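Think of it as A, B, C and D in the order they're written, each chain with its own count starting at 1.
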Amino acid sequence: MTDTTVAIAPATERKSSPLADLWRQFRAHPGGVAGLAVFVFIVAAVYLGPFIHTIDPNKIDIRAKNQGPSFAHPFGTDNLGHDMLAQVLAGGQISLAVGMTAMLLSLFLGTLVGVLAGYLKRIDGPLMRLTDLFLALPLLPLLLVIIMLFRDTLRAAFGPETGIFILIVFVIGITSWMHTARIVRGDVLAVKSQEFILAAKSSGMHEYRVILKHILPNVMSSIMVSATLGIASAIITESALSFLGLGFPSDFPTWGRLLYDGANFLQINPSRVLWPGLAISLTVLSVNYIGDAIRDALDPRMLKR
Amino acid sequence: ERGTDGDLKIIFWQAVSTMNPYLSGGTKEVYAASMVIEPLARYDETGALVPMLAAEIPTVENGGVAADLKSITWKLKPDLKWSDGTPVTADDAIFTWKYCTAPDGGCAQAAYYEGVSNVEAVDASTIKVSFAEPKPYPYSAFVGAQSPIIQAAQFKDCLGVKAPECTSANFGPIGTGPFVVKEFKPNDVVTFTANPNYRDPAKPAFASVTLKGGGDAASAARSVLETGEFDYAWNMQVEPEVLAAMMQAGKGKIEVAFGTQVERIDVNPYAVDPSLGDKRSTKEAGPHPALSDPAVRKALSLAIDRDIIDEAGYGDNGKPTCNILPAPDIYVSTAVDWCLKQDLDTANKLLDDAGWKMGSDGIREKNGVKLSFLYQTSTNSVRQATQALVKDMWAQIGVSVELRNISANVFFGGDPASPDTFQKFYADVQMYTNNFDGTDPEKYMAGWMCDKIPSPATGWQGENIVRYCNPEYDALVKELGKTGKLEDRAAIAKKLNDMLSNDVAQIPLIHRGQPSAVNATLAGVKMNAWDSELWNVADWSRKK
Amino acid sequence: MFTFTLRRLLFAIPTLLVISFIIFALLDLAPSDPLSDLPLTIPPEVREQIRAAMGADQPFVIRYLRWLQQFFVNEPLNIFEQITGMTVGDGNRLRVLSWATRSPVVDLIVQRLPQTLWVVGLSYLFGVMLAIPIGVVSAYKQYSLFDQIGTFVSMVGYSVPTFFTGVLLIVIFSSYLQWFPSIYDTNLVVNDWSSFVAQARQMFLPVLVLTLYNTSQISRFVRASMLDNLHQDYVRTARAKGVKEKVVLLVHVLRNSLIPVVTVIALGVPTIFSGAIITEQIFRVNGLGQLLITAIQGADIPLVQTLTFIFAFLIVLFNLIADVLYGILDPRIRYD
Amino acid sequence: MVNATNNGNPQAGNAVPVLSVRDLTTSFRVGDEWRSVVRNMSFDIAPKETVAIVGESGSGKSVTSLSVMRLLPKNSSRIEGSIRLNGRELLTLDSESMRRVRGNDISMIFQEPMTSLNPIFPIGKQIAEAITCHRDVSAAEAKAEVLHLLEKVRIPNAKGRFDDYPHQFSGGMRQRVMIAMALASKPKLLIADEPTTALDVTIQGQILDLIKLLQEEEGMSVLFITHDMGVVAEVSDRTIVMFRGEAVETGTTDDIFNRGKHPYTRALLSAVPKLGSMGGRERPMRFPVIDISTGQTTTPETEAGGVDERKRPLLEVKNLTTRFDIRSGLLGRRSGAVHAVENVSFDLREGETLSLVGESGCGKSTTGRSITRLVEPTAGQISLDGYDVVRLDRSSLRKMRRSIQMVFQDPFASLDPRMSVGSAVMEPFIEHGLGSKAQAREKAASLLERVGLKADMMRRYPHEFSGGQRQRIAIARSLMLDPKVIVADEAVSALDVSIKAQVCNLLLDLQQSFNLAYLFISHDMAVVERVSHRVAVMYLGEIVEIGPRQAVFENPQHPYTRKLMAAVPVPDPARRNVKRNLATDEIKSPVRPVGFVPPQRQYREVSAGHLVQV
């Protein structure tokens, strides 16, 4: 069944590009817009904030420890007299960067495995069993092994912080791609059987080009959703690693570490957990809403409207 | 009166994994086992030996210790009974010795039986321990919580390789202590009931004990100090202000015992540049370009304000110290207190004089070598706070520091393949705590001898982590081994301590106590740093 | 279907062997050490002896093969003996022993299972039971207030880390209000009403934390799946037949929507057995998650290996179960 | 606007209408405004009468029927006017009473038999539900009744199939199940919304017969919705023609067909290919084009080009065989094979159209795909424009594909929904590196214009086009590589009649200008008759008859060919009551066990180039 009347009328003048389309659809989703606003605010605060609030996050003022909010220290201070606002801002830079890059890596791996498994029947079984393996791998020993094997090389090449950053991103990335792979595989299986794939093949396209130009864009919406969930879980995983004492050097605050260190001080100085906790939750929440909106915006059923 | 005070609830946030201290040398296991199995003698809260199963402490004076210092003879208390009602005999002690020295048994307390050439029964209640060499300090085997007597009948099939397979014995050893194991859930919870055959019929006051494990220190503290769910919590390594806040609830307080634990910073005398590969941190790597300079070492020590570190991380649980050997009192030196007070001016001057010029980036350097160090320690919030503070203090004398923290099970794990162990010391400075068992420092002080330096040749084993090597020191340690008289031993030990501190082989920071949380309703707790904290659990009772 | 299942099961054996080997290799490579929590006062020679007694000094391959034999031959035989009371051979077999506790790993696991199932399993169950009605209503009344609130709460549910909610709940409910204990008593035996109340009280907080998380996640799936099905042609057919709206929703749509959800739920079951590490730690539930984490921290390789292997086995098994369930629930799927 | 009541109803006389619709206006909320999609519909259905609604896709046929059933989404739709069932107003009923009307007084059958049944319930249960939700009967009684119904709709072995699931039935049988379900409560009115569109010709014939028969037996009225004029002519007493939401003409079917007044009606009818209307012609014919607003013929039908028989064939297929292995058992051993294409030989010349016809699953698509090596043939030789197709390696395969292009059935599914139309058309050109982007754009633009679209539409996305436009885009894309052969796999099947005519004309035009050869795959005999030079009839993977179109259509030899022709509905109301008496047997399965050796087939030459399998 075709629907002739649908589009003939409105489609005449509007100049549309995929991004503009996406944006138009996205705007229709109030939650997504709110999420985007919050997220942009957090990113802006974290990266521009230190230019306004210029206290060095690692400056110790032991006399001013455990203070509540004040004009000089809007978020108060911790038990060593670090300024909490500066720490939250600095921590945000790392947490967001970890979240983004780890998400990108896990997305890349997940999509690669998912597409290959879905597209090439021959390696489907082995790849899915590989996925099982990674689901079963214990994260902590893996992290220890990776740190042991690569830390010094990376430290020599990139310096201590970037080195550990790469390690953490790598570890989170390679241990979190499995769900993306499963979902992408399912989608690829569905898309693969559609006629336009056959059409592309019959016009003599290379298989890899078919994957890149036709399969990938059509599984994009679930990839995008995985992406937003991925940022969230990467931030949380990083904080769980801090919780377990692995991760960045202690003078590098991350939201997870701030939250963990602050947990004991919950009663003395609630703002120590409040702010990093709120920062993590708000980021994850806003990213989730953005993800929902993107999924709706990319939904072909919505496109038809 | 026995069993009238109900249930005693103890929380160990590191859970107990076995009840046999010979199979696991962990402190928590030793403490838990100390409620059940007992040695011949143990240390009281002052560090003095008190008899447990023995009738009295043998000395040269009372003839218990042979004049040639080659044997010691213990006499058991009369009518001692195991909790199953059978009598305790000298054979149990002999068996214990065999058990711990059996090849392939992997006994964690084997060091206590070092130098013991024979254990024999003079009669059913008299035990003679012979040594191969004269032992000026013979109170090692069967002394202290680490070396209790186990029942021969129960463990007779568990010698050597069989030791780990005797699960029920390991989890529920029959003992002479105030309590018997009722149920053991490894790494979770142990329940005890009062020993019906305990030698003092009025004790213990509690009918049962629940020893719960797991979680973290802060929440364990909370369960005693704030919610009052538990009576006693061990090892409260929590920031002092957090504990103070919890104590506001008035349900309990923190008790501290000071033993020999010293938090210290090791300063590496050897080069550790990663480009040296396997040679780094060994003699072959050559001296450290900066840290081999005594002026730098001294300046580093002087620049530290130990009071601030103490206040931020330890509070009442620690005292600033400049001694590696901080206790017992007779060994405490006062000759090295120059470092107790932070003196940035002197430190800066020392560095200036030694030619370390302040660079434009605020970091001193000389001949292209920067005072820029890698500072590693294990993962632990108090240690990380200390790291941050030290970094800040050293920055004031133009020393920059890169911090690193390593998971404790790697740092202290000693895996020769790992670059992150404290024995390998692939860092410029590192921080941890060490101490010694009992009250005699001889073995401890021997740990700084040249031949104890870890190296690839020894599989990175060896106690001399700081790689201190001074022939004078070695000679003095040998002399200590030959000295019998306590005062003379103390004088030598102090000298050794002063050498270490003055050469800044290590930078002692804090003399750490053992803090435990005690519920306000609990009476009879006497904190003891020389033995198990639960050493006198038989005397504990509920306040009426 | 049967041959499909059988074929997958056969294929699972080499898969699991490979997985077990990789896990073992990984654990062996890891730098953590079983003796790391012993006091520094224990001298190096003694440490060497302890290591030798545990067998930790043996070459890697030997240890792996020994573990294989212990796990696949000795342990099953042992269970067999316990069930039947018969003895096979001399009954003297080395079981998989944990290094830290020196006790058979299987016993440890059996000991930890009850509290894990009670807390983690129950919260999974609650999660499922709550998620389905919430998801159904959210989808049926899409964009209604209920849906909006449900969406928000469920997003909060899985975006706030459990170590944050857990500590917060303890401070509120245990410290200030003193309504619930902060420490789980694994020795509590439920045999009367008051012990049941005690059990319920001590389970309340950890179950609450985990249920929130599970409900959030599963209800999202239910909602999405319901939305997919609500617009299918067969729903229109059912309405055209004159079927009652409730029946349309609860029989026709829900049944179809549950097919993908059930497989998602099945895939989530193994996570029950891996425990909820952080939540267990916070409330001291001391279940399998806590067992695993202490074992990892203590480098107790036999224990970690056995636990992760069982976990891997469950993953593979539930993957298979999910596939088979799909085939059973959805008559269109035929695997042969 | 013509008011239905003005027209006499020859059959019903003065009887009270079963359904009486007055001024029905249905609107949907789009964004913030209400858009009416059906306006001022009024019609009556007398007892036992069959009324058909025809009109192009999107003209509001389904919305009309769903409005009667009140099955439109509650909060985004609005129904105004009056709908009376036996005098009772339906629009004001509360929802519970309305529920009792549905399935009881009015039943409905839908277009898609594949998706209209709940996939996870056995069909017996689903039919029984239609009974139990209106009447209080026991399960056993319901079952007995269901079995009776199943027998009534000619489901063989009804008892055995009671517990089968929808997917275990073929499309035709599913549609029969739907009918059984609709008949369960002996409704007064049956609404059939395109009940046969998704089905094969032969099956369609069976279903139409069945509906007619049951209507007689049960005495129902039927509202029949379709866009197929042949079907209309065959079933309906009266016909309503809908155009853009309005009923533009109402009358007896005979009047509409022979004396249609509204220009749209005329345009619609002119676009309908009539089987047998090509008698005596050799070459394909274009469809006439009629201006909808005026009703005047703007382009008369003209003959298309012929074929130069002397040239060497472009495509030669010899003994092509394609099988799909079926694996089962523990080790996945081969347990049989689908013999999708068996020993097929034909050739194709420049400028020629060879049509492949046959019922669903007979291997038409597989033949097309084997030739392009989209599926690997099992045996046979294919030579295409000098390439030995079966033996090509990957890179030469890509080159070969420049000579042969495909156009697929579903214009929506065959365009990537996320790629702009311009990129989609340019893609093959760029992929093959035939020129720069600018050149590609230029060529794409000219091709789009060639197929009757504007070049400035290149920016748009597939969903912004109508079905016919999309198919034009797909055709433009296939022309990008200047192919010599185009495989049109059901390329016009999914299109509306008038659009179908336009696209067919387009194909014929293109053939003439580019001298293209078409392999035209279709099951629509009437269209095939119109467009092809030669025809091959396939049955169970084999060609049973092949020859010049004229020969095959005017002198069908093989029984299967005859059956196929008989099943095609003829858009001529005069032949309305002719029964076909088609057997209700199912399509046979092409699955064969391992080691099956297909019998050697012989062909008999009836006339020049007209071969028939014996």
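Keep in mind that, in the parts below, contacts are C-beta pairs under 8 Å (C-beta built on N, C-alpha and C of every residue); 3 or more make two chains touch, one makes a residue touch a chain.
All of these numbers come straight from a predicted model, not from anything done at the bench.
Per-pair counts of C-beta contacts peak for the chains B-C.
If you average the CA atoms of chain B and of chain D, the two centres end up 87 Å from each other.
Chain C and chain D have Cα centroids lying 51 Å from one another. One finds 25 Å separating the Cα centroids of chain A and chain C. For this pair, chain A with chain D, the centres built from the Cα atoms lie 47 Å apart.
The residues of chain B that reach two or more other chains are 407-408, 410, 417-418, 420, listed in rising order.
Residue positions of chain A touching 2 or more other chains, listed in rising order: 144, 148, 263, 267.
Multi-chain contact residues of chain C (touching two or more other chains): 29, 31-32, 175, 297. Here the touching chains pair up as A-B, A-C, A-D, B-C, C-D.
Residues 58, 60, 62, 65-66, 79-80, 144, 147-148, 151-152, 155-156, 160, 244-246, 249-251, 261, 263-265, 267-268 of chain A are the ones that touch chain B when the two sit in their complex. On the side of chain C, the complex with chain A involves touching residues 11, 15, 18-19, 22-23, 26-27, 29-32, 151, 155-156, 158-161, 163-164, 167-168, 171, 175, 270, 278, 292-293, 296-297, 304, 308-309, 311-312, 315-316, 319. Remark: chain C residues 29, 31-54, 94, 97-98, 100-104, 107-108, 111-112, 170, 174-175, 178, 181-183, 185-187, 281-282, 284, 286, 290-291, 294, 297-299 touch chain B in the complex.
Of all residues in chain B, those touching chain C in their complex are 11, 14-15, 17-18, 20, 23-27, 104-111, 161, 163-165, 167, 170-171, 183, 185-189, 191, 210, 212-216, 219, 222-223, 226-227, 229-230, 407-415, 417-418, 420-421, 432, 434-437, 458, 461-463. Residue ranges on chain D touching chain A, taken from their complex, read 56-59, 111, 197, 244, 369, 372, 374, 397-402, 405-406, 408-420, 427-428, 431-432, 459-461, 463-468, 470, 474, 477-478, 480-481, 494-496, 499.
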